[in-house]
Amino acid sequence: MGFTRRDLLRFSGGSAAGLLLTPVPWTLLHDTAVLTENWPGVPRPRHGEIATRYTTCTLCAAGCGVRARCVEGQPVSLAGVAGHPGSRGALCPAGLAGHHLTFCRGRATEPLAKGKPVGIDHALASVSAAIAECGSGESVAILDARPGRAASLVYRRFLAGLPKAVHCAPPDAQPYGGFGIDLENTRAILSFGARVLDGWLSPGRVLANRSCFQLIQAEAAYSRTASLADVWVPLPPGGEETFAAAVARALQGDDADAQAAHVARILLHNQPAIAIGGGAAAARINQILGSVGRPGGFLPRRDFMPATNIAALPDHSIRVLLIEEPAANDSLPWDVVARKLAQNPMVVALTPWLDGCAQHADYVIPAPVYLESLDEAPTPEGCTVAGFSLSPALLPTPPKLMAPAEFILRLAHDPSAYSEILKQRVAAIKKEARGTIFTYADAKSTRVADFASADDLWKAMLGGAAWFDDPIRSSRTESLPRAGWSNPPAVPSPEYPLVLISADSPPPHGSPLMSKLYRESGLRRSAIAAAVHPETGRAHGLADGGRAIVKIPGDSFTAQVIFDAAVMPGVIQSAGRASSPASIRRA
Amino acid sequence: MLSHIVFLGLFYSVLAVVSATVGLSLFRAVQDFRARRTEAICWQATFPDLPARGRVCRHELTGEFRHRTCDKAFDCRECQTHAALAARHPPGPGEPDIFGLNFPLDRFYHRGHAWAHPEPDGTVTVGLDALGARLVADPEATELPAVGAHIQTNGAAWHVRKRGADVRVLSPLDGEVVATGGSQHGWYLKVQPDGGRFDARHLLRGAEIRPWIARETERLQSALDPTSQALTMADGGVLMDDLATGHPEADWDAVCSEMFLQP
Amino acid sequence: MNTTSSRPGTKPARYGMAVDLDRCTGCGACMIACAVENNVAPAGPDATPRTGITWMRVYQISNGAPFPDSRAAFVPILCQQCGKDTPCAAVCPQEAVEVDPATGIVDQMPQRCLGCRYCMTACPYHARYFNWWDPRWPPGMEKTLNPDVAPRMRGVVEKCNFCHGRLHAARDRAAAAGRRELLPGEYVPACVEACPAGAMVFGDLDDAASEVARLARDGHSFRILERLGTEPKIYYRTARPWVRQAATQQRKETANA
Amino acid sequence: MPDVDTQRMPRGVRRSSPRQFLLWILPWCALLAFGLYGAGLCLVKGLNQTNMDNRFAFGLWIFLDLTVIALGAGAFFTGFLLYIFKKNELKAVINSAVVIGFICYSGAVAALLVDVGQPLRFWFTFWHPNVHSMLTEVTFCISCYLTVLFIEYIPILLKNRKMRQVPSFLVFEFELHKLMPVLAGVGTFLSFFHQGSLGGLYGVLRARPFAFREGFAIWPSTFFLFILSAAAAGPAFILLTTWLVSKISRKPLVRPEVLPLLGRISGILLLAYILLKAIDTLVWINSTSPARGFAAHQFYAWKPFGAWILFVEIVAFGLLPALILLRRRLRQSTPWLVSAAGLVCLGIATNRFVLTIQTLALPTLPFDRFLTYLPSWQETATFLAVAAYGVLVYSLSFRYLTLFPQEKDLSC
């Protein structure tokens, strides 16, 4: 008899029932559970010997002490160093994610000539050639991201050997020249657009003293600092000078408009007070307040190494420009730099990134990022005494990468290595035998004099330590430099009825994790966000959340419109852009 | 913890009840097989699916009730109502000729159009009545049970195939097949009734036949042509010998399912 | 029932946090420290502000006044570790959420989570996050994962647990030192440690001497959505009336996104 | 030559030609395939394929589940009335009701399996259940009840013309049918529970003042409201489908008195439900919500969900159809009856929508915003797949099984 459908039914039914009695289904369940627990593609964190190592952050001029938790030598998290005199145990967000930089996309991994990979020797050769070809009236310039380092000395030494050369710095580097700010005793700060609560000096130090000083923020942008300041004086774009003059008058008892008078009153009632940012404006007020050279004001310190503000150079004077990538949150307005370049210039970018100054460079010399090579942190910005600390590498330096200083040394045919230069610097500190060494591991301060030898000091600093000079009683009388550069006030015109101003810095270049968090929390508006007052927006036919095209002289970009009633009418607020007249229309 | 016990207890007992129900019905089904109750149960399960008009009580046919639907699946042997009524006034003799159809009075008729005729030798001859015969005249195939097979009242006695209609003719009695004939013999089966005696209480006889056939012809009519309401045959129209060829347009499957109580 | 965290011998505590909104500058250090500590993956390109994972999330609030009177404040929102009828714990169908009686910490067990997201609808603080994607790191970056915390798989819910890994580590240290209880400050979540403004204070709310308990009692302190009666353990503090109002009172205006 | 197709249909009923039938199911098959593709994407690539997010953690699918299960309640309630209360008129629709119930529940379960982030862990709930969670109740009840429905479906299946030729099937069917009241009882019990716990699902969200309700014992008021509303919607939906099917198949399926009866049942329950719902709403507005720091009017301050939605839900889709269904004269006229039934179903859908979607759209944090959400095509496709699946299963059942016993009588 054949195999009928009914038999098939019976068979399948029977086998199904039978299967339940076997362990098969249960093991299957168990296995699925196991599978879902070790989900494919989810990485297992490495386990291994855990160590704490110390270094110093070089991502900005603050030079904060860093405690790194390392698994098998790989830093897995960074934290501040408790008791660090400069950073007060704090780190900024960028610093906290510093160990991710190594893994960022967009890194320069090998020397490039006009975008094409070349050997480092070839690069050296062609740069030297270009330098040799420098005609009269044309100069070689090194844009020093942070003057005052041992590296800066290397640059100067190299430039000294050239007929016409200049060691310059970005416009807003060294805002206070050879002075530090005695923040601990300051009672009031009048800030002309300085990002006081958003990365000014070392965040830890500022925030630790925040409750002690009144903050008056005078700027057009409704920046984070402005939104949190005790008083926000919304100046029309470029109105610093006028307002400063008014405040100055008020301070001297002359009559001024209510707002200036109010500000003056605050400054007078909260002595010592200082004014920062805003170039000449601030300098004038500081003079009246007498805040230079007194406690709670600007105190001079040793070791000031002035570098020429690149904005101050004559136009079209630079033939060969070697740029060291400035820190993420310092802006390098390229238009200012470009103005200084001669015809067919050669621009060499010494940078870890392809998206920074490398975009404008003929040659790109890939530099290691923070933690990838032994580096140095000079006197923290605004520190009242000279300082110096090493930033020991926690990660191996990738092949083909070369620290800017190393490159310049090679260019100068100087056999010594950058590390030796640093060692000499430390030796010099030991020789002068001033000041104290703060060692991160035990948070102890030791007189430099108490170190047996320069080698001991070197070792100590390699293990994570910061040197701070002793305060000086100097009779230096020179007034403050005109901090920062105030570019000409942007005046609206029929063609450009609005003014584009920079609010906060955009999410800093760096950890993908950090950019993710900023994007998702909306804490920092991206560079393509343009905030306008709703009325201004409607007047220009924009829609909240819509896309718009912002035109500025010689450039234009598309941005996402954000209606924000807090923004000054008539301005466009966008992160990290130079102030300029602008027009906006719906995309 | 207690809530755990209560909650889980509740739901696992629910599961238990459900599976028990299924298990029980499976078990019972197997029992029925063992007890050879299959045929009867199949009929039991089928009967409710018959259209209401196919389930009328024989006493409605004879007019003793205005409306009564059989609740015993045509097994009057178990029906007190029938017993009582049959005792009070048993059906009188009728006449064999009904609308030109011949229904010999010495036979007992099953609602499924099989007749049973007790032979002197104690066996019972089973065949298709005049109406049934016309419905499946010269069938494509006839499938009779093997000699020695056992058939049950209201179970399938034999199968006939006519114009795509599979017809199973319901057995009028319980018994063992002793011989098989066919349409050409005028009878289909000879059956040795169980227990030697032939119980015909559930079968129609005598005067009951006419009203029944009258109703049947109505049903036939509506089955042949659902649209028309005219009762052309009740008033003496004569049925042709082969209805199938006579009504080529009719859905024969449906007709047979109607007339042979086969939902 | 209880997880490993409630071991015999360790003195029970009721951990909580006090956040000073007048100190917070919204820098986001807490968010980053949190994500680094807890191995949150960088979001994929198509993640949105509403699909990304931020156990700690800083909201910017405003006094609603237009230019030039606008003022801003920042409110870090993390799991508020509700202490009474914890909404998420009550609804989880398979005990993937547990309130540790020894610490008061509401813990999420990703390896048991079904991903039904019922707990997320239950949470009024939106402090629970779902893994919409497989966690992915840029090549090599998985080397920076914190060994004390297992990354979560796709399709499960996760949230702040006061850096559970740190609690375990601290306990082990204490045990090694033969102590039954943790010293104040011995166990601190990553966000608190990282805050450069020192705006966050963490500790045992039941320990009247602790800084956090003192701040919780402070007249300027309040809790968000307190009237829901879930006894959250995150206290916020501000001397600015408008901030307190904006953080506690339901807005009246009918405008919306 | 008798074609295989008719050989499988019930005898004595007319069905469309195979060609017609094919034309009818083809589009639905296509839709099903498309939907399955969408669902497959969600399963393989993860839920990032949907437009749900951390704030809108529940979306279209949960709305679908709640609605569909409410509409499927006809199965249990009809069974309940038929087997327990011996309302024999309902025999006419019980088969159809069972099939609809089966479709709704299996569809809902399928959607749920796609909805969870780790479908492979679906059984965890049975392994370590948290008995205090409404979702656990739901999971247990629905899985149990789906089994019951499947078992209730078997007899209908076995009565298929081909199947019934297998005596053993018929016998099993017969024995099973005898025990059907037991299953109906169990089913009713389960249904009462899970319909309720589906309501509880949102009612217990104490931290979501828009959804939270006080209640009795562990059950918030929505628990009981859902039972009642489902019981009201079930018959209405059966009424609607029956009418629809007989319109599409162009033949009477049940005796004329059956539909009005369903309507009446639905009407009575609906009226009761609406009254309770109104009371519940008042209590919520005046006590529950304010007690938790939320003035109820705020909830309706966010466009587009103004107070109108409350009116629509309670009056237009609640009171109105209830009154229609309770008036004999209106009940007798099919247009009124059917449109009323339609309104009832709409009302249920609205109620479930408000509870699932509006709850999530409304902000709880004072400085938070109102949220919007639009399902992605994958979500919608999955949704449609469930619908297509339903239509297909029902069409096939209708063609080859006896869903309406009276049809045969009425066909002549």
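Which chain is which? They are A, B, C and D, in the order written, and residues in each are numbered from 1.
One rule holds for everything that comes next: a residue touches a chain if its C-beta (ideal position, glycine included) is under 8 Å from a C-beta of that chain, and two chains touch if they have at least 3 such contacts.
These numbers come from a predicted model, not from an experiment.
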Minimum number of chain-to-chain touching steps separating subunit A from subunit B: 2
Intersection of contact partners for subunit A and subunit D: C
Closest chain to global C-alpha mean, per-chain Cα centroids: C
Far-end chain from subunit B, centres as C-alpha averages: A
Chain centre separation in whole Å, for subunit C relative to subunit A (CA means): 29
Subunit C and subunit D: spacing of chain centres that average the CA atoms, whole Å: 39
Chain centre separation (subunit B, subunit C; CA means) in Å: 78
Multi-chain contact residues (two or more partners), subunit C: 48, 52, 59, 134, 153-154
Subunit A, residues touching no fewer than two other chains: 36
Touching two or more other chains - residues of subunit D: 118, 121, 124, 129, 132, 136
Complete list of chain pairs which touch one another: A-C, A-D, B-D, C-D
Of all residues in subunit D, those that touch subunit C in their complex: 46-48, 52-58, 115-118, 121-122, 124-125, 127-130, 132-136, 139, 201-202, 204-209, 291-295, 298, 301-303, 359-360, 364-372
For the subunit D and subunit A complex, residues of the former touching the latter: 118, 120-121, 123-124, 166
Contacting residues of subunit D [partner subunit B, same complex]: 1-2, 6, 10-12, 129, 131-132, 136-137, 140-141, 144, 147-148, 151, 159, 164, 167-168, 170-179, 182-183, 186, 189-190, 402, 405, 408-409, 411-412
Sites on subunit A touched by subunit C in the complex: 36-37, 39, 41-48, 50, 71, 74-80, 90-93, 96-97, 99-100, 102-105, 197-198, 203-204, 207-208, 210-211, 222, 224, 227-228, 232, 234, 511-524, 533, 565-569
Sites on subunit C touched by subunit D in the complex: 44, 46, 48, 50-53, 59, 61, 75, 77, 82, 85, 87, 90-95, 112-118, 120-126, 128-134, 153-157, 224-230, 246-254, 256-257
